[in-house]
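Naming follows writing order (A, B and C), and every chain is counted from residue 1.
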């Protein structure tokens, strides 16, 4: 119990100390995770919508696999991307191992199924309501799917936030492909892992609280945006 | 001219049951056609077959020449509107029909005026009342000046005042030369709006007659029973 | 809306690879990094040469494997037989001694195996085995793990056969293994550097130290540019040259925790 109290105080001290190293780590964490969310959303929303609306042989299997991929273990994704980007691997000549770019790639792969699968479910539910009318107006296939995505954009925000949560919380993937290099690829989660392994548990806990507060702040911002837009569009 | 529409020995089967059984009919230009029948008689399914939302299990549904997609439109019992302004809902339909960008707003405003909703052009469609939403759906269908307007029980969910407004709009479209094909179980409405009646009973076309003749001298026992049964409710 | 979008974009660009400075990738061990040596050493090298040193800290076995995959320019570890194997396989160019530190036997203050104050590591290990006192092993192919196995062997104990529930093989780095030992009140072999900066000590303390068998030699190698042309051989060699130079060696000797010197330079 007193550990938590110390950690809470530690967290506040960290936040208001304006420590440059911590600032750099926080900025990098946000940069990597938000980049991954951006790319995964750009690919995942149309993909999920297309599957939600489409009818093709093998569709059931695709849906099952997509849902299952939501549970991809981060460390496995990290390992896979590492082997791809290693000098001894197929994409080694790109030289992007141990850079934030590799971390973004790994996190994108990790959260793409989450965003696509949740979008697929939301679009499929909405399609039940909109299908007849949209087909009557002449919207089919991808056009209808994208119209639906825009139509249910506020519900899809939840899917995007789920992806963001997963990305900012994981440590397995970014540790392996980033290498936790001081000043280059060290993010919040890998720092927490490092401080824990050094035995500095109060610092690790305090950093953990800072991370949680960060994610809460992002979610609160998203909720405000959602409420404002819903008031405008009904 | 896409009319006349010919139905040749049309069957529709779902869930192991025959919903539409061997219906043959010619739907020609001119008189407004009422599809009449009890709930479960197959009116909605027949409407969707004619509009092309469903494919017959056997038999043919053939339009005459022309842009059969663009020149027909359908209004459903519950209007399905997008989370946009009233005007945007209409321009969306125009966009799907590939109306040039410069024309869309003008045509959309005309359509809104014709149903008396011009004042609500910028309002979010979803905050309109039930009757206003249905009028918007009519405006959206009307904006392309279709040759045929299908209406599937358009006032079944509305209160009497709103219903009367909808009926006024439909009568105006009829007077302007659009072919009206409307499904209803409301005898009074059928008499007010229709010129001829196609009476369905358990999926079969049992009787077809001009509206006054149908109500005063029904030829089939099923039609007689239906009129008698519905009469207390009119 | 537009402002938020631009802010997000800016944050994303921050995370991306911006202007690339001159840098090398060094595969080293967790114990070396966690001792804080690199934080002390590397800024001096960087200031002098402008070359950024990016350290990826793993266990010795994994660090050498990273060299075998060509993902590092330099390897800097502490397990001479493994390093010589690396060299013999053709993955390294030349091995040079850099410094040594020592291992210490950590244990609970209650000391059930009664090893405190002894000067003989082999004797201490035998006592622990006899008492079946809880012992945490790193089990991760690290230099420390390797040293631990050598001591069991020299003490005449076939640890693979003779281990029981008292021997906890954790497969972890030095810090996490110390955490585990602290939580279990177990004995553990640790390098002095990690122990000195370890904060979660619980009931643990140094019980045996000073035995020559506990000395731990560090070596540095350039990964072979013949095997991997992408290796930054000039920059990597510059780092190696600096570390074995009087300047680098002094920098190593100057690193202290609580006034205590951790690493003892011994390059030729």
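Note that a contact is a pair of C-beta atoms (placed from the backbone, for glycine too) under 8 Å apart; a residue touches a chain by one contact, two chains touch by 3 or more.
A quick note: this is a predicted structure, and the numbers were derived from the prediction, not measured.
Distances from each chain's CA mean to the overall CA mean are smallest for chain A.
The interface holding more C-beta pairs in contact, when A-B is weighed against A-C, is A-C. Each chain gets a centre from the mean of its Cα atoms; for chain B and chain C, those two points are 79 Å apart. Averaged C-alpha coordinates give centres for chain A and chain B that are 46 Å from one another. For this pair, chain A with chain C, the centres built from the Cα atoms lie 33 Å apart. Shown for chain B are the residues in touch with two or more other chains, of which there are none.
On chain C, the positions that touch chain A within their shared complex are 4, 8, 11-17, 25, 30, 34, 38-39, 54-57, 68-71, 172-176, 178-179, 182, 197-201, 228, 230. The part of chain A that touches chain B in the complex is made up of residues 129-130, 132-133, 135-139, 143, 147, 151, 232-234. Of all the residues in chain A, the ones that touch chain C in their complex are 27-28, 30-32, 34-35, 38, 86-89, 92-93, 95-101, 103-104, 179-182, 184, 194, 196-201, 221, 225. The touching residues of chain B, counted against chain A in their complex, run 48, 51, 53, 69-70, 73-74, 76, 80, 82-84, 92-93, 96-97, 124-127, 140.
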